């Protein structure tokens, strides 16, 4: 019974990891860019929410309405002004620039907010639980996070495959040169993709901040979790990414159950195992 | 019967450069005679960073393996040394070599896993690997677990006759390691493998189509760099007399700084890391009080360099004046050619 | 004499340091079909890419509808009414055929062409609309590429080697559709390796040789010999 609880907890946090991963996979899919500052941007979103809730007295969950557009705008500007200039055949510039960005964000946050641990308070919903029968209880907050993850990933899937916007992303990802011939401005498409990624990050960041303590140094670990979820799931579809997140979450939960110090390591080992036996991931894109 | 042509490596500027370096080396060897202990330690640190940056440069700038996880081997080297000295009672300086060998052995399966990832994903994968090493290290209670361990006084004393002798020994070993690492890199780049590496750096697909065994060369480079990095790590922590998972596997100390040094100095040129390290330490001297602001500025400078002068300081300067510090050019000289330049 | 829809004036084009076009001049009147022929490497594709905005030129070197467009980027030119059918078809592999057509029309320019009209022009495409574009035959892909370009309702359509890699019967079939396109109000520049087809389809012909215009004139009035000489260089 205890193990069922463990699995459920793992699945629920897997949704959060899937959201970390979705933003990462989106960017890589559209412009072959891996944003090393991804995790730090998640933490940045948490701090933006902190500032917003302090200033306006909002519930953190409501603050998403403000945080998401703010982060999206940051993402658009970031891509348009800085990262677009690094795109090209050479691997080093985007990697090094986003790495530099990661350092800047971490230390900037450190300067502004100190290394103190913070947490967002979402009120009564944090301690509410639902019974699932037979002595199993699910926290309302974790369930909400998981449903949010489903909603986000589902929306992304719909966006990508059933809207003109998504068509533009897929076309630009396929062939940036010919995409221009369709009237698509690559600079704008890439910047929009980054804006979208940061909007997803915003939701993930706020949920993370409610769930656990956060401080400026938390970024790299989130990047790694997102990255592991992407690799485990495979680069095929958003649902694969969800599966990857869930598997990572469950691995970590099992590891934590065995020994609390083993939580993160268990996730790493699951990732390495997948890398060893099925490097293309569990649900890779089937090449046409 | 002599060949109709031969390959010349030196140029006028590199002859001057090599001579200058030889003089500098002599000065450095003799340095303990006129510098104090603190300065010797600082210089050892500078030697270590030049070596680490040169190795990262070889890996990323020449072999195209951009790793943000080299701290895995720095920490591994440190921990193997402490384990060998404390648990196996080995002479610490001898254990430096053992650290390198064990790291090279571990690098093989690691490479087997990491090479399944490409490009940016390879980079993050190496980071994950370093985290795995760190987490394992914090589980080893005999080596202090999560809080780390200091080198027992008995072992420290056994290293040399006096404290001064010990400091001298470690300084010269640090200098020797630097010379060996740089020398090995220069020899490698001058050899056929160096030519293959330059080809890989310029265009991997084209290199493969001319018969270069890209995968194997990358593997060999990866293992060699792991070997050298671990030895450097072993020496670094030997000098510090204390190790902990956080310091041993620190991304900031062993990757961020190294990357910034190489980018600012100039990637893909052997002189880059040397220039970069000197600039870095100069900045540190003047700005270290600023704490996190210092790192922030470093990040901003690295971004600016990457966008505006992607070849770094040395790349910019050398590109303009066609300078070379070390003889690494390749020019064909035909037997009948009597030109001198 | 109708005012030219497109005027190329002494155009020079470079790929880095390499010069591909030397002072090329060309004019296309509304409703005209102009064929650009020449050997491989003569600069035909380069010319189309310059007109389409994929390669930057001097602003005044290319004038469209009276406006200098030499330095206007490709994505902006589509909005003004220039569409390119790129060499090698290059449909988007991640998109279905219909999605390819839809993205061609995503700017929403007004005009005679719509999804329904494109399917009317190329009935074969209607049958395959939901298939991934990679599953189509060469001829179908070419129809798809032309349809995709038409969806932006261009006043000038540039066709880069639409006969490439296709069987003669398929090529002939394609070319029978071109008059419909012109009739709906779109002028054409076609780059062709197939000289016979080019001469049949075009009002005027321009022959490029090593980046220079070697011959130009009404297709009906040019002799075989003069074309041969211009094509291969005397």
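Before moving on, here are some points about what is shown:
Lettered A, B and C in written order, each chain numbered from 1.
Going forward, contacts are C-beta pairs under 8 Å (C-beta built on N, C-alpha and C of every residue); 3 or more make two chains touch, one makes a residue touch a chain.
Just so you know, these numbers come straight off a predicted model, no measurement behind them.
Taken as a contact graph, the chains are arranged in an open line, each linked only to its neighbours along the path. The busiest chain interface, judged by C-beta pairs in contact, is A-B. Taking each chain's centre as the mean of its C-alpha atoms, subunit A lies 44 Å from subunit C.
The centroid of the Cα atoms in subunit B and the matching centroid in subunit C are 55 Å apart.
Centres computed as Cα averages put subunit A at a distance of 34 Å from subunit B.
Residues 60, 64, 66, 68, 113, 116-117, 119-121, 123-125, 127-128, 131-132, 135-136, 138-139, 251, 256, 259-260, 263, 267, 292-293, 295-296, 298-300, 302-303, 306-307, 310 of subunit B touch subunit A in their complex.
Residues 28, 33-34, 36, 82, 85-86, 91-97, 99-104, 106-108, 110-111, 220, 223-224, 227-228, 231, 261, 264-265, 268-269, 271-272, 275-276, 279 of subunit A touch subunit B in their complex.
The touching residues of subunit C, when paired with subunit A in their complex, are 52-54, 73-76, 78-79, 83-84, 86, 90, 92-95, 99, 102-104, 106-107, 132, 134-135, 148-149, 152.
Remark: subunit A residues 164, 167-168, 170-171, 173-175, 177-186, 288 touch subunit C in the complex.
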